[in-house]
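In the two assemblies presented below, chain A is common to both, partnered first by chain B and then by chain C.
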Partner chain A sequence: MAEITKIVDARGLSCPQPVLIASDEMAALETGRIEVLTDCGASPENVGRAAKAAGWRLVSSSEDKGTVRLVLEKP
Partner chain B sequence: MKLPFGWRAKAPRRGQEGSRIQGHDRGVMAFSHTAEVIRAEAALKAAGLAVRVMGPPPDMRTGCDMVVEFELVREPLARRVLAEAKLSPLAVAPVRAGMLEPVSLYQIKDFGQWLMVRAANMKLTVDKDTRVIVNISGGGCPDVPALAELLVGQTLDAAPSPLATGQTLCAYALELAFREAQRQLPTHPQPTHPQPEHPRPEQS
Partner chain C sequence: MYSSRAELLTRTFGGGYGQCLRRAFRHSRNGRNHRAFRRIAAVCRQSRQYGDLRGLRLRDIAGSLGLHQAAVVQYLRPEIPGFILGSFVAALMTGEFRARAGSAPATRFFLGMCAMAGALVFLGCPWRAFLRLAGGDGNALFGVAGLAVGVFIGTRFFKGGFSLGRAQGQSWSAGVMIALAALVLLAARFFLSPDPVAGTLGWLMASVKGPGAAHAPLFISLAGGLLIGVLAQRSRFCTMGALRDLFLFKQTHLLSGVLAFLVVAFAANLVLGQFKPGFTGQPIAHTDGLWNFLGMVASGLAFALAGGCPGRQLILAGEGDGDSAVFVLGMLVAAGLAHTMGWASSPAGLGPNGMAATLVALGFCLLVGVMNLKKA
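Coming up: the complex of A and B.
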């Protein structure tokens, strides 16, 4: 499995901020793997949607104690 | 739709507790679905009636619905207008002040590169430079995921009207946020830098 290029810790932030920060990183990196941590209920779906719109792929999504970990990838 | 006041409940008399907007008791009309609410709003406004689309009072709420608020004293005229438009409200009820949530109140938040417009329960965030919709959140209505799928990644010009797809209070609120975002971020934005003033003609 490829290494994570960047970790976006958006815990404690409400929507749309996790999406905006993740979008910023996607634009800055262009390619790679980004791990997004969020505890905002609506954000995982929205981050995934923003990733798709930006040409990235949601590789995995997991939840642990209220924190959702999303991995985005653009080869 | 559950009505707290009963079908065609009577308005409170003047002086009793009641909503007073511009000095009139207010009532709400409920319809079977959102498309009818939108048609009713347009027909009533065209007839010169002061109406607003609102989120229903908590005990009338069934999820993602809306009601049309109007002046109770104009109910006969409102009913005639609606009948001409082949619309029939499911229920009409008086409302007390503070029970309704206006859908058309905006909140604008600047996130630097992005602008978020909130209308009622829906938030729409747009990249200020590209005018691309980067996020849609809020709501809780069943059509929000489909609306977001449709709009996110599109520019404010290319994106379809939310109300062309959605039929809920969320779609209505999103439509308002969408239009407000278009107004806030026009295609040809006004220059933010001060423009040189034209030299004034010399006074003779």
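Coming up: the complex of A and C.
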């Protein structure tokens, strides 16, 4: 499994901030692997959508105690 | 008239109340929001009172609690507690209930006040703006345009790094406060005895005439509130979010839900003969376009900065979000003050201090936006 290039900790932030921060990172990195941590109910779907729109792929999504961990990738 | 309308709806949209609930819930779970909202709109129309939504209902509740003395708009509306409890139960059942708070609560309280001040100048929250539009009220065009502009300004702040800071996890009890308050209000509604002559409900006030006296039967209101609460929690329906995601991300999935809501309400109004296009003589509305617009700019900006329209804030509060709970309390207080201080409009026109209240609200929201820009 490839290394995580960047971790976006958006815990405690409500939409749209997790999406905006993740989008900024995706734009800055161009390629790589980003881990996004969020605990806002609507954010995982929204981050997934934003990733798709930016040409990134949602590799995995897991939940632990209310925190969702999303891994986005663009080779 | 009531039963025939319900009958007509049953024929139009198919299925009974229970079936309607089940179907709607299933559709919303499948992410098919437009189908879910067809059901919601059906239920909305079933109770004519659903023409006036969250903002005005909170205003009536504020009146009922004696926070203002405008005798025509005092009623402990069971829809709002029902709505909160619907969200609470749905969040509990799906494991989405999470007690959290601590993201600039006092700022959110005043944003809630600004949102309510603007909404009472226009005479409606965003849900009602869309419903008014669907009923042919041309004045609502100014309100919806104002909402869009307010939300757009909000998205510019978010682009610039606006944030009210992080919320933290809280104890379970901190998350159930608003649900508890909803239960207490319902208990008051059930156990206190109304006195139609004095216009009271036990210790509380209850209008004997005017908009506050017009309401659907208790159980229908409560069931409607609960149902819509569950649906809105599942679908994350938000009128502000719909516009925000369009401006910010060019995403239309929330917007499609709102548009479906609008189209269905429009169709229901046509079918029921309630579509009356025009500007004058519209129910609970005035014709001052500029202030209809500016009131909703203030509201839209407040909603955007706080992360949700009144309906969404109530839902979030039910899900355990203490910051949204504080926003809701701000709205409640402003609903009281708007009448004692003359901010609120009436069908006759603006309140004596409506313009000043709108400008103060707008100024405060812009200040909050500027002061919380964080990007380096």
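Couple of notes before you dig in:
In this section, the second predicted complex is superposed on the first by the 75 of 75 C-alpha atoms of A that agree within 3 Å, B and C clash if a C-alpha of one lies under 4 Å from a C-alpha of the other, contacts with A are read in each partner's own complex, and residues count from 1 in each chain.
In the analysis below, a contact is a pair of C-beta atoms (placed from the backbone, for glycine too) under 8 Å apart; a residue touches a chain by one contact, two chains touch by 3 or more.
Quick caveat, the model's predicted, so the values are computed rather than measured.
Contacts of A:Thr5 after superposition: neither chain B nor chain C is touched. Contacts of A:Arg49 after superposition: both chain B and chain C are touched. Contacts of A:Cys15 after superposition on the shared chain: both chain B and chain C are touched. Once the two complexes are overlaid on the shared chain, A:Asp39 sits against chain C while remaining clear of chain B.
Of the two partner chains, chain C is the only one touched by A:Gly66; chain B is not.
Applying the stated touch rule to the two superposed structures, the overlap between the chain B and chain C interfaces on chain A comprises residues 15-17, 19-20, 23, 42, 46, 49-50, 53.
Against chain B, the residues of chain A that register as touching in their complex are 15-17, 19-20, 23-24, 42-43, 45-46, 49-50, 52-54. Taken together, the chain B residues at the contact with chain A in this complex read 111, 113-114, 116, 123, 125, 132, 134-138, 145, 148-149, 152-153.
Contacts from chain A toward chain C in the complex involve residues 11-17, 19-20, 23, 39, 41-42, 46, 49-50, 53, 66.
Within the complex, the chain C residues that touch chain A are 96, 98, 100, 102-103, 158-159, 163, 165-169, 236, 241, 244-245, 248-251, 253, 307, 319.
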